[in-house]
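Here the chain labels run A, B, C, D, E and F in written order, and each chain numbers its own residues starting at 1.
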Amino acid sequence: MSEECGEVKLIDEQGLRTDGRKPDEIRKTIMKVGVLKNADGSSYLEQGRNKILVAVYGPEELHPKHLALPDKALLQCRYHMLTFSTDERRSPAPSRRDIELSKVIKSALEPAILLEKFPMTTIRVLVEVIQSDGGTRCAGITAASIALANAGIPMRDLVVACAAGKVDGQYIVDLNADEDKLGEADLVVAIMPQRKLVTLIQMDGSLTLDEFKKVFELAKKGCYELYNIQRKALLEHYEKVAKEVSQDDISK
Amino acid sequence: MSEECGEVKLIDEQGLRTDGRKPDEIRKTIMKVGVLKNADGSSYLEQGRNKILVAVYGPEELHPKHLALPDKALLQCRYHMLTFSTDERRSPAPSRRDIELSKVIKSALEPAILLEKFPMTTIRVLVEVIQSDGGTRCAGITAASIALANAGIPMRDLVVACAAGKVDGQYIVDLNADEDKLGEADLVVAIMPQRKLVTLIQMDGSLTLDEFKKVFELAKKGCYELYNIQRKALLEHYEKVAKEVSQDDISK
Amino acid sequence: MSEECGEVKLIDEQGLRTDGRKPDEIRKTIMKVGVLKNADGSSYLEQGRNKILVAVYGPEELHPKHLALPDKALLQCRYHMLTFSTDERRSPAPSRRDIELSKVIKSALEPAILLEKFPMTTIRVLVEVIQSDGGTRCAGITAASIALANAGIPMRDLVVACAAGKVDGQYIVDLNADEDKLGEADLVVAIMPQRKLVTLIQMDGSLTLDEFKKVFELAKKGCYELYNIQRKALLEHYEKVAKEVSQDDISK
Amino acid sequence: MISPSDMYGMSFLKRRAMLKLLAKGTRLDGREFHEYRPVKINIGVVEKASGSAEVSIGNTVVIAGVKWDIGEPFPDTPDEGVLVTMAEFLPTSASFIEPGPPDEHAIELARVTDRGIRHAPLIDLKKLCLIPGKKVLTVFVDIYSENYDGNLFDAASRAAVASILTCKIPSFKVGEDENIEVDEEQLKPMPIVKVPISVTLVNIGDYILVDPTFEEEQVSDVRLTFTFTEDDKICAIQKGGPGGISEDLLMEAVDIAFKVSKEQRKLLMGAVKNAQKENDT
Amino acid sequence: MISPSDMYGMSFLKRRAMLKLLAKGTRLDGREFHEYRPVKINIGVVEKASGSAEVSIGNTVVIAGVKWDIGEPFPDTPDEGVLVTMAEFLPTSASFIEPGPPDEHAIELARVTDRGIRHAPLIDLKKLCLIPGKKVLTVFVDIYSENYDGNLFDAASRAAVASILTCKIPSFKVGEDENIEVDEEQLKPMPIVKVPISVTLVNIGDYILVDPTFEEEQVSDVRLTFTFTEDDKICAIQKGGPGGISEDLLMEAVDIAFKVSKEQRKLLMGAVKNAQKENDT
Amino acid sequence: MISPSDMYGMSFLKRRAMLKLLAKGTRLDGREFHEYRPVKINIGVVEKASGSAEVSIGNTVVIAGVKWDIGEPFPDTPDEGVLVTMAEFLPTSASFIEPGPPDEHAIELARVTDRGIRHAPLIDLKKLCLIPGKKVLTVFVDIYSENYDGNLFDAASRAAVASILTCKIPSFKVGEDENIEVDEEQLKPMPIVKVPISVTLVNIGDYILVDPTFEEEQVSDVRLTFTFTEDDKICAIQKGGPGGISEDLLMEAVDIAFKVSKEQRKLLMGAVKNAQKENDT
């Protein structure tokens, strides 16, 4: 977050952003579930140039056992970036950022999962960032949530996340890497859309309380748009599975 | 320990040391016990510019269990320096020196603790060096011993440690960092003052057997002076506690 | 494995190699067993300038227990080079090469050991390279096999390993470090000589299928020569032990 | 290291008892819902650090120290000094904390403290550039918890900020051959822009409690840390905890935090001024 | 991390069942003994990598990416670029794989893939030298398994080779003062020598099965990987598994692998050509 | 890794049996109280090291090797070479020793050996300075235990000292542009000042036993290592073990160690001279 963003113009005279979007427009987003054979649930998400793969394993036995919780499943989340996911090759060792984001993603997903149904077990959510272009923690949460649904883990609601911020004095939604880096503020919001609960909020930059509330609304709007895509992806998968099953029936 | 200490004068014409002390004078020392709320016992010690914080936990359950001893408590000691405790910022990773000193401190304290009273448990002694100016292993032992007493761990005796050495051809007690680095010899001694047992001895430098015996006497003298301060610190704490308790009684 | 080995002549006009050997001649090899007191079995091997020490421990209890196999002993192998074993001082941390070779040595030895006799236990093979001059993985396997026999571990057969390759267009056996580095191909073969089974094969370089088969034969020939030395070493040890025992009888 | 099971998800019974108490308008230690425990700021405790402070909030005690070194800038900010913030839970802090490299909790603590400082921004990093693209000042802010009874975020922030505000760095001269002369005689303060004040609160049921104790953290649904600058702006937010929060409660929380930050700012700046006065005399 | 007990030495019963099936001339998934599962090669999946490919062989999925940097040569090859190959089992791959630094299996996978590439040789490393003894191009080939159902060796090799074959690197100019100018506009392909094709097979009893599934690997005695270049030479071999193999079967295995490598080569080169065509248009 | 429970604090019964035996004036292996086990010093066992020695004291076997490199001096000793001493317990040493990075026991062993060498001083480090403040010789002394039966301190010290005393380093020339030419033809010995001899003994009850076996170490109260130089000075002392010692016994121990060091010195210097003679012919 740099103070002087005057040099690089992030919004042009037509009011369009560097990637051609309008301020309140989210990036083109594709979601699929059931993309990995071995995982209990999985998903793949492209949001602009972000490419995210998520696998969910569990509920399953936990090792070492003394970490198990007597009253609920232990949710374990890992956020991990492949070495070639960014412009500069990343070190393969987990960074401090990776470790914080893993914790933050857990905190965003946990409210939605009925962990109390599976005491003494673990549910593992593995977020792999194959390509990164800003907003991967949000994309990871959004993708993880449908991978959890795909795994058949009972949930109170989906979780969907989106960032919003302020660049060149304007409020924008779903920041890409340049906007994140050069903008004036970056607000990350995750919600459970049916329950109307906020499960994650993170911010850095500089906003008055009033601006904060406006940017928050914009992030929420992004969340609801992504929520529709989540539902469509899940629906498509169920329809496909249903079709396969019924064809199996016919072939018998 | 450098051979030529001629360049830097460690003892001036008046026979005084760089910090104004006489050869057989220990540094100004302050000790307090019960300084941390969560620890079972704790102490804070200032000896010259050394600042040491010690916490004691235990006897408590030991993980992993296979390390537990069937006939006595396992004493675990950690000597650790904060990154800003020295002139140069230290790396946060434990150094080989830290690991040796942890072992040496354990060896100095162990003879005084009735470990056999608590088989299968552990007692943990955590020595944090907040500021370091030479002799922190001694200061750590001295402080740890009163923190153990503060934790109510049964002990045969206190342990008190002090260094002595030879600089500019003279014998001196309680070396500071410069004297340690530039002097001709550095002898570390820990004793149980009532039991008259030596629980630690370490030396580097160059001393004849005769000189060694003289320097040893000087270190022992330092130990006895520090022992008085230890006792005073414990007494003051008990008086304070007693007063609080009796005031509680009155207020009832 | 460099393409141009023209610069350095690895075979001279007399058809001799840099260390004076003929192409099909293995290096001077000395083997001893029972060289370490604490190990259940041990061996020492010199092959040219290679110096290898092997200790075997087991069958013994395995920690942590969840690694134990219900139907056989777990074979654990470690290949490790001392820091001063090579021209350049090595880092003491295990290299990726060390880790691969440990795995490869395990794969070469495992077929010969009656692991099924000792379920839930472990057998540990520790290969220490004291000095290295090419072919240490082979030397390690050859030495490990007689150390296992020395430990009294029941075996289907010994295992013996030897490399062969191609340098300056000629086929040679038992490559030294220079031949390994500058030659055109390096083929590592381990066999169980009585059972006529290949338990390890590794290659890098460039060989036609035909050449491969010829080089393979040469490696096998090397193996059989080393096998004779293995047997002699074991025999000598048993004779020595027998003599000691009978002398003990006499002295009674 | 704190295992997740230690931090959250504690007994259902404890939580029920706490909620009963809160329904009566009281906290376990008798505080108001929006009241901090006593805050003590002890500045200059480590002479060998360029700046240092020990801060206690109730029984939580944190110590921070600042050191500098000459280093290289990051490639994308060639004309800025480098700020490195580290946090460690000393094993003295609580019985369940084991020694070892910073775990996820310590890393989050360091990064949240760092973001408050960086986005205020507290330090004018451009003024720490010595030779653009080549040599800059690296500022290490190292934070250690000594005793842990909840709300490490605010204690860490206060200790780090107080250390920086009272920190003295030498003067530097760049010679002709790009050698850097360090003048330790000519000490000067760190170049300051704006002072961040963090306020941490938890949400338990419908209640919002400022400055949670360890017990309150354990039974809480949501932990929120808001950081404000003196020009009434938010510069950082962090959510933790296993629960979600309604939008209404979230907005209420921001407003409470904002209000409370004012008194906390006074308290910190007062301690800083006292320390500077003492230092001048 | 895969523990040894997971990889091999699995149940005696499974093995017996498998042998019965093989005696009938069938594999569990209905394949011929020397038949690969469907191989899909998807090139250019990561735009931020200089080259990339996702390869699936049946249910096994591997992704590889190539990145470059300017570095120093190894002292013993002062005029050659540096090739660094890394492999990691992503924990998405299977339930028994835990996150963490590469274990012995991942290291073997990386080193065997690397040897195939290095000894073909696939890349003309001399052409990656910028200033002899001082500056060379370092090529990082990073390989990740996404889903693991046996035969990672061939999937990794195919993905790495396809990534390198379709990789674009910038042009470099060495200035007078040994500064290196990078011209990202003038992209050019990696200098290629020969293309290695690995073929992995397992030996179970008297049978040789090409492209083993995870289940087949589990019950197999010997795993063999042969790598061939287009001039009909072997450039690398690796044996794994807890068993031994007779010389006859070994020689049979080489011949099978050699034969099968031809169709696998066609498949790879076809995918590469398609990708290059798409890229040009 | 040796767990503390393996090293000390072993069974009460063993100790009682040992004390009974000692009361009769005998040790388990029949030695006198102040007698070493047979010491064998085998010099030059690793040709690729600049100096090397394998030392056995009874069943304890230690190997040490010396390597050199050109490096930078420490900032506070700009005109001195650098000595780096490392010790590792090879897992061959005993069944309870696991492979891995040096643990507290190996680190203590390395540091005590190092202090004996450094404070004698054995090496004239000033003579290893090539360009003050810039380039010096770094001397690596790496010590490995091969078989462990007590008294590793003396075996390690003897092996390290013998390696250094017989070590050959090349001649160095500093060129005009501060390039360093290494002349491997012109080998010369390490610059030696004084030779340290360590003597380790344990205290069990009222008894002092020189050169303890593993069993004696296990049941002992105190372990003491004294290191002497040829001018009858003490240059290093280290105490270990879970017990305390009376001042009288401590002073008795120093005197015993001093006496015994004389014969140990003869033994070492004899082996060194033999090796040098062999080398010259």
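Remarks
Following the convention adopted for this analysis, a contact is a pair of C-beta atoms (placed from the backbone, for glycine too) under 8 Å apart; a residue touches a chain by one contact, two chains touch by 3 or more.
These figures come from a predicted structure and were not determined experimentally.
Touching chain C and chain F at once is no chain at all. The chains that touch both chain E and chain F are C. Least step count on the touch graph, chain A to chain F: 3.
Relative to chain A, the chain whose mean Cα position lies farthest away is F. The distance from the centre of chain C to the centre of chain D, with each centre set as the mean of the Cα atoms, comes to 58 Å. We define each chain's centre as the mean of its Cα atoms; on that basis chain A and chain B are separated by 52 Å.
In this assembly, the C-alpha centroid of chain D lies 48 Å from the C-alpha centroid of chain F. Chain contacts: chain B has no residue touching two or more partner chains. Of all residues in chain D, those that touch two or more other chains are 102. Viewed as a contact network, the protein chains form a single closed ring in which every chain touches exactly two others. By the touch criterion the chains form one closed ring, and its order from chain A via chain D is A, D, B, F, C, E. Contacts from chain A toward chain D in the complex involve residues 1, 3, 67, 69, 71-72, 74, 96-97, 99-100, 102-104, 107, 110-112, 187, 191-192, 195-209, 212-213.
Interface residues of chain A, counted against chain E in their complex, comprise 36-40, 42, 49, 51, 53-55, 57, 60, 78, 80, 82-87, 89, 92-93, 124, 126, 128, 130-132. Only residues 3-5, 9, 12, 102, 104-105, 107-108, 110-111, 115, 118-119, 121, 221, 224, 229, 232-247, 250-251, 254-255, 258 of chain E touch chain C when the two sit together in their complex.
On the chain E side of its complex with chain A, the touching residues are 45-49, 52, 59, 61, 63, 65-67, 69, 86, 88, 90-95, 99, 101-102, 140, 142, 144, 146-149.
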